[in-house]
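Shared between the two complexes below is chain A, which pairs with chain B and chain C, respectively.
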Partner chain A sequence: MSDTSIALNNFLLLGSSGAFANFEPEQLLSNHDKLEQFLLSNGDSLSTLELYSLYELQFYLALLTKHDIEAKAMLDRLVDQFGANAKSQRLKLLQSIYLEAIGKRDEALALVNKSPNELKLARRLVTFGRKADSNDNEDYISTLTYYLDLQPTDLVTWSELGHEYSKIGHYDKAIYCFKEILLQDALIYPIFYKVGLNYYYNFLQEEKNLKTERKDKLLELLNILINSRNNYLRAVEIFDDYTKAWVGIYIITQLGSFNDKLKKLGDGGIKEVKEYLEYNEKLSKLSDKRIQELAQPEEYAKILNDIKK
Partner chain B sequence: MAKSSTLVTYFVGLLLLVHSGYSSYEFHKLSAITHQSSHLPIDILVETLVGIIVIVIGGFNSIENSSVLTFDGREIQPDYKYLKPIEMKDSVKLIERIGTSDYEELESRLPFIDIVGKRKKYDEWVKSHQD
Partner chain C sequence: MSTPDLLLDPQLKYWVLLPISFVMVLVGLLRSNITYLLQPGPKLEEYKAIREKQFLRRAACFRQNNGVLTTEEFENRRQYLIEKLNSTEFYAKVEDPNAESTNPLSDPSTNDALMNMAKGNMMNYIPQTLIMAWVNYFFAGFVIMKLPFPLTDGFKQMLQTGIETPNLNVRYVSSISWYFVNLFGLRPIYSLLMGDANAAAELVNQQQQQQPLPNIGGPGGPKASKLFQAEAENIQILTHKSIFDGIVDRVLDQHA
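The block that comes next holds the complex of A and B.
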């Protein structure tokens, strides 16, 4: 396959996955420049579907990198092709995002508010509950939950709500949201990882607030850790090269001070704790080995950094 | 996009098949005129077989897995030259190596993108690089 086809497939995958939404500014700029060059050199040889998919991607990349004139040009091409008056939710969504980006929030809101029964636009409408320049996401969470009452099978919205709860430290609620996704599709290993991660954060939160070393409290914490470990293990059971989940398992096995407390309990004859510690040792070696096999040092550092965020 | 070598293979194979078909037609016409009944000449049979084999080779060539680019520009060769494994743990490997997954939609949550916040972050990045 030629270099052009490889680059084309790469851009189409980037556009269809929406992965650029989580890109760092440097990656956004680099991809914007590459796509701009690609469209100039190969635009004429692409099929209509490929060309307009790339125009849509370039619209987002241009908007995110503040090339507003270019973003408008891409939007106009899409509107020219598919009709300004057509009842296309996708076009209206793009127009609304553009208006919001250039500061015309009221116009953007009016555009999506016209058709509250259309799923994509209704989802976008929900985002207007978000407060700019503020970490307070209470209103946004309320609108998300209201929307989910109407559309309980919308997995992307459950994921968004889970992330919002996680941001403000409501890990138990975040876990509930991610589990709702797993109820609908039990093979989504990245979500098992998210559940495991939120249990781990929940453990750290509870451990920080721990004032006594009472047996029942420690066992409660142990149960949270076991839940976290089991969800990570389910992720690697589905996809055994999933580095993030192996790193998650490794971190759990290296909780020195908490494990010392557990050892004392284990020496006191609690079978559940003994079993956990034995299993922990095996997992520590295994996860360390798998990380060495799978991850480059910089990738490992990036995953650790993401978990600490 | 089909590879040019695949297109050439298909073209050559089809050409051989069409040629052998036309030769066979001419041979039968000639046989009818001369009222001589005989078997199809071996060279026409061989040409037909070669044409079919060339097309089959083209077919195999067209399903060869291509290399892919990561989002940061590195080229990755697929694990298998032909066809993908059907086990999930194997089939998701390549897309994970690219830096995404089949469930990226749940991670990227594009419909909920905070476009104003992202643009602000981009602005800050540009300013920090100008300083």
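The block that comes next holds the complex of A and C.
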């Protein structure tokens, strides 16, 4: 494959996967500039489909990098090609995004709010329920759940709902949402990590509210922690070089005061606890080793520092 | 016995051979454009139908990937799914169990499909019949060219349709045969003119063969209630094995 076709494939993949939504600003800008150059030098040799897919990608990149005028130019090209009054949901989606970006929120809303059968637009409509104040997301959550009732296999929305629940501390519900994604694709390791993380948050929340040191309460907490650990472990089982999950495992093994409480229980002869503590030691060594292997030395020091805090 | 050469009027080339090809190319292009215009735009599926399908898919995914759940989660979800699969909540439309099954041909939803099929077929055979009639009417029995290479007698039927001369050299081509040769051999010309190899291939395919019958729904498709029930039964008998069983040992072994 020549350089041009590799670059073309990269851009097409970027556009179809939507991965740019998670890019850092520098990454966005560099991709935007590269694509601009690419379109200038190779635009004539592309097929219609490729060309307009790239225009669409450039529209998003331009908006995200605050090149409003360029975004408008890309949008106009797409509209010229496919017709302003066309029924295309994809085009309406772009138009509404542009309108919202330049502050015409009501017009954007009117554009997508027409037919219940236009499901791609329905998802876009749901995002209008989002508010800048992240602690007040009840309406947003109820719109998301309504949408998911209509589209139960929309993974992006499940993930969004999971994050929203996580934000307001409903970790059990967040876990439910993330598990829904895993049920449909059981190899997405970042989601296993997120499930583990939410279990861990759940543990912290419960531990904070813990008033007694009764045995059953502690065992309940232990169960949450085991779930968290297992999900992290599943993530590194799928992708061995996943530093985040190794750090997660390491943190769990370093819970000083809680582990001391467990030790008392373990000495009392509860087999489950003993086993957990044994595994803990092994995993602590292993995760420490793996983090050292994967992270740069200064990064490693920083991670350890952060954990201690 | 060798037949003496026929003397062909060079004017045949300009007044028969090329016009037939030219007309066929033009009609082919015109037809492809009209077919394109007649094609209905993609229709949006009703959201309820999509919801039904997606829910079914969710249930199927649960059946396949339930290993990612813990036992407790598994039981919760299983109960939820069985309950919903046995209710009519996710049906696209609730059917009256007493209603008689409808005739698929009188069902309005299949009319569209039939109409499109009819349109496609008409666009296919009307122009072809016309051109063939035209060739047959004006140039019946014409011998219009001589191929510059020898051929075996097996090609006689293909190249000399419409002229009753059993002893004529196979290298001579009749007008109606020229029409058939064009019909099957114009693909490269179309792809050159249309600048798009796929569209041309489609055009030629349309000319050469009947399109397969589209699945017009109706009695062939299984009913939602049946699918839902089957899935509910499958989930009912599911055994659960979590991937988290023994995961610590697995990871430790991986790094041993």
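Heads up, the rule we're going with is that the second predicted complex is superposed on the first by the 277 of 309 C-alpha atoms of A that agree within 3 Å, B and C clash if a C-alpha of one lies under 4 Å from a C-alpha of the other, contacts with A are read in each partner's own complex, and residues count from 1 in each chain.
Just so it is clear, a contact is a pair of C-beta atoms (placed from the backbone, for glycine too) under 8 Å apart; a residue touches a chain by one contact, two chains touch by 3 or more.
Every value quoted in this text rests on a predicted model; they were computed, and no experiment measured them.
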{"item": "Touching partner for A:Leu63 - first (chain B), second (chain C), both, neither", "value": "first"}
{"item": "Chain B versus chain C as contact partner of A:Glu118, first or second or both or neither", "value": "second"}
{"item": "If touched residues of chain A are counted for chain B and for chain C, the larger one", "value": "B"}
{"item": "Partner chain in contact with A:Val156 - chain B first, chain C second, else both or neither", "value": "first"}
{"item": "Contacts of A:Gln254 with chain B and chain C, given as first, second, both or neither", "value": "neither"}
{"item": "Touched partner set for A:Asp240, first chain B, second chain C, both or neither", "value": "both"}
{"item": "Chain B/chain C common contact set on chain A", "value": "240"}
{"item": "Touch list for chain A against partner chain C, complex", "value": "87, 115-119, 122, 149-154, 176, 179-180, 182-186, 192, 227, 229-231, 233-234, 236-237, 240, 279, 282-283, 286, 289-290"}
{"item": "Residues on chain B engaged by chain A in the complex (per definition of touch)", "value": "1, 3-4, 66-73, 75, 88-89, 92-93, 96, 98-101, 103-119, 121-123, 125-126"}
{"item": "Contact footprint of chain B on chain A as seen in their complex", "value": "1-2, 4-10, 13-14, 17-31, 34, 63-66, 93, 97, 100-101, 120, 123-124, 126-127, 130, 132, 155-157, 159-160, 163, 181, 187-191, 238-242"}
{"item": "In the complex, chain C residues that touch chain A", "value": "41, 44-47, 50-51, 54-55, 57-58, 61-62, 65-70, 73, 243-244, 247-248, 250-252, 254-255"}
